[in-house]
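Each structure below is given as structure tokens.
What follows is a pair of complexes built around chain A, which joins chain B in one and chain C in the other.
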Partner chain A sequence: MSTQATKDQSQARSHFDRGVQLGFILLLLGLWYAVTAFGYVSKLLLPSPQSVVQELSGLLTKSDFWFDVWITLTSIIQAYGLAVVAGVVLGSLIGQSKFAYDVFQPIFAGAFAIPLIIIYPMILYLAGIGPLSKILFGAIYGFLPVALAAMSAFANVPAKWRRYAATLTTNQWLVTRRVLIPAAIPELLSGLRISYVVTFASVIAGEMIAAFAGLGRVISYNAEVLEPARMYAAIMVVIAFAALVNSLMSRLQPRSERA
Partner chain B sequence: MLQDSKTRMALSVGQLTQTFQSRGESRTVLSDISLDIREGEVLCLLGPSGCGKSTLLNIFGGFLTPGTGIAKCGDDPITGPRPGDIAFVFQESVLFPWATVIENMETALEFRGVPKAQRREKAMTYLAQVGVDEFAQHYPGQISGGMKQRVALAAALSLETPILLMDEPFAALDEQTRMVLGEDLSRLLTQTKKTIVFVTHSLNEAVFMADRIVVLTARPGRIKGIISVDEPHPRSPDFMTSDSFSAIRRDVYSLLRDEIRKADA
Partner chain C sequence: MTYPQKVWACRLLVCAALIGALEAGAHMIGAASDLLPPPSVVVADLPALLADPKVELAIFTLIKQLLIAFACSILFGALLGYGVAAWQRIERITLPIVLLVYSIPQITVLPVFVLCFGLGSGSKIAFGISHGIFPIALGVISGIQKSRANPIYLRWADSLGASRSQKLTAILLPQAVGSVCTGVRLSMATTLLGVLLADLYVSDNGVGYFIKFYTDTQQGPRLFGLVVILAMAAVIINSAVGRFERYAGRWML
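Right after this comes the complex of A and B.
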């Protein structure tokens, strides 16, 4: 079979996949509409799509809401930035030494296995109810998968490349830049993706538990005051944001995987 | 002046014995090896598998420090890899999969401190010499094993070191590809006047390429015998069908045969 034919086929295949995915979403929306229109479920549990859309357009015109979006966005960015910088620096240092790796890898892996939300009350005591507590919590939680990925990525650079590089140069910085970092990138990228998901979830959860502002707060507040349509509208905004970032991230792939 | 009239040694080992500890057991791999490799010589290490050929090459390469005895490059004891003096072609492919063939070549040259402006041209020259310049823009994952080893050879040659070490560089290739590469190599090496030490399992490759063939015994490896091949380089394919080729090949095989049986036992 010619490669052109294979290409055409796989393209047709992916159009087909997209079609099925879209159909599935439309089906869910249809079901949503049907069960609410015919009154099968209480409006409190599941408001109609129309009312959610109405609330959404209302929210989007309010500056208060945009302030909440802004708080959440900046918290996530700051938390993620801290997590990535600390995780990459510490993880890559630990990964350079077998001793450090053997000591710290189990500690970090063990810490990541704990549902860290249990330390959130302590962070609230420390950093207060403002955005800082969410930033810290998100940064701590998101730091672990980056550090774990970085240390394993650097520790697992095949010995053959280190040996080859040693026959070429004694300049360790050059070896790090040209060999160790490119070799570590695929594993590092998957750590960065996990970290982003964890940071995002942590910031939203932190806002839902205790905050004055932020999308998480909008959701939990509207649940409390029995405004489900408005709550769902805020949920839609979070979902849209997550989908946008996810599609951007899936484009981040190392060159060697594309080749 | 006096210095020039003497034959200078590129590499040498004296009374080298290498013992490894594994699982509380000590295993002597090389025993009392003394060998002088002259400048410009092509020397082949031949012996049953596990007899310590790679170990000896790794000692020359500076990846291992000798247990007892001494290893020298020129007059200096070898204490680690010597990027300016020794290039190494590994058995397995060490090309970086994230870089194209030409980028792999350029990285090696960058490591050697070649200025950026000269890297591309130099890389292309050596790729052309081993006949893979048309694959310059390919990734290693897109070319065959034989092509990858050619690129590795081009990279090693481009470093322009006086010494080249090769550990079964063509072992993974089929016999035909290997002979073609061997011919190319014989031609290339005559032009460059390098000192070369290589390990192979192929008798034909050994006789065709080497000036001297060192046959090692089964483990622990000792020098069983050294056979000279007095055929000038570059050697033509006709050499391979000549009577002298067959005679040398027979001598080497008779040294090797008993050792291979011992290693199997």
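Right after this comes the complex of A and C.
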């Protein structure tokens, strides 16, 4: 009875919170409309919401734009796939031994602190201006957080559990599958999530700096030719895509681990 | 040899092996080594690179922009984090909005920053702040959440008759300090990334301009010299902030 009441109360409160959040976003949209409608801001800086929506529907019906989306999507998928496979394999191998962990962890952590965008021009030179350079760059940048998370996830499996498993079986594969991997998954998932964000941003950044196609190119091109409405429309598409994948990924994490 | 010495020895060995592999690889490529020079050539060219007053100016400008952006990130990030998390009612409403904004790949709005703040230092500093502010804010938020999660310490302090300031310095801050310091360290790396991204995108006489210039003119030794300097600076700054994090950690509850 009393638990039901608290449940109702907390539900009502979360509805209220959602309402305030929605109101806040509507307020921002209203502000955007008002500021542009009364001409407080230059159209070059902030085009009106109507013009952005118009450009958005224009973009979405053009096959050129879908080609750009396709290039960016396939680049991200390939880069992320490379990063995850390499990161999980190397990280889990290093994480097996405390000594290897102590040796390699600071090296990888130090490398991740370097803004790797400074080597992008070189990758561009080696791999050409096509999608390959973005894939390589995204994969290198996304590899580090996966490897770091994987090595610390495997290194942090309590020694007690390993010993307990060893008393039950000598089958190392069984121990890995039933004990080590399940124990490592929560920490690994957060690394996979960071890696996705980093890979996504790297691919888009690469396309913005130098590319013939891709969503990043659409944004930077329209900024250069002063078509702010179209630029904002392309930004909206990227943001919508990022938010979609982000919410899908947070669904993968167990409830207690969610941010 | 003690264990830490062994770890350090192996770590140096791994780094030496990597550099050796680069050296050997560059010599094997041979003719194309203009763009992929061996590390020895890069190091030999460093003094000449640093003697170029324009490069020197670019590096100093970058450091200045980085420090300004980092200071602003700490200030605004702490204010934002405190404003979001100080009251639980407000936190429940605003935190999802902050996380939503944080999940946007910020590189997409870089052209907007350039349009707003111009081609000079302004857009680089602003873009650095936009990258650096969130780790700090989230660190402060999770610090406040942690100190709120253990009310038992506060009740314990109350039972001993602690004053408000005593509770703040002995109970609340020590519980928050770990997450805040992690936020500061992450923020340093992201601020540097933000400043460099803007620098590469706009490239007017900054470090980004020289990176592009040396690539375009195939001056491999110069390009790698600059990359090595920046990478070393990033690693040194990161380990310095990491050391500060461990030092502050002793204060942790």
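Methods note: the second predicted complex is superposed on the first by the 246 of 259 C-alpha atoms of A that agree within 3 Å, B and C clash if a C-alpha of one lies under 4 Å from a C-alpha of the other, contacts with A are read in each partner's own complex, and residues count from 1 in each chain.
The rule is simple: a residue touches a chain if its C-beta (ideal position, glycine included) is under 8 Å from a C-beta of that chain, and two chains touch if they have at least 3 such contacts.
Everything numeric here is computed off the predicted structure, so don't read it as measured data.
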{"item": "Touching partner for A:P228 - first (chain B), second (chain C), both, neither", "value": "second"}
{"item": "Chain B versus chain C as contact partner of A:M122, first or second or both or neither", "value": "second"}
{"item": "Which superposed partner A:Q172 touches (first chain B, second chain C, both, neither)", "value": "neither"}
{"item": "Dominant contact partner of chain A by residue count, chain C or chain B", "value": "C"}
{"item": "Chain B versus chain C as contact partner of A:W161, first or second or both or neither", "value": "first"}
{"item": "Touching partner for A:M208 - first (chain B), second (chain C), both, neither", "value": "second"}
{"item": "Partner chain(s) touched by A:S190 [first = chain B, second = chain C, both, neither]", "value": "neither"}
{"item": "Partner chain in contact with A:Q50 - chain B first, chain C second, else both or neither", "value": "neither"}
{"item": "Common interface positions of chain A, toward chain B and toward chain C", "value": "259"}
{"item": "In the complex, chain B residues that touch chain A", "value": "61-63, 80-81, 83, 86-88, 90, 92, 94, 96-99, 107-108, 110-113, 139, 141-142, 159"}
{"item": "Touching residues (chain side chain C, partner chain A) in the complex", "value": "6-7, 10-11, 14-15, 35-36, 92-93, 96-97, 99-100, 103-112, 114-116, 189, 192-193, 196-197, 200-201, 211-212, 215, 223, 226-227, 230-231, 234-235, 237-239"}
{"item": "Parts of chain A lying in touch with chain B, wherever the complex brings them together", "value": "160-161, 163-171, 174-175, 178-179, 182-183, 185, 254-256, 259"}
{"item": "Contact set on chain A toward chain C in their complex", "value": "13, 17, 20-21, 24, 44-45, 99, 102-104, 106-107, 109-110, 112-115, 117-122, 124-126, 197, 200-201, 204-205, 208-209, 216, 219-220, 223, 228, 231, 234-235, 238-239, 242-243, 246, 259"}
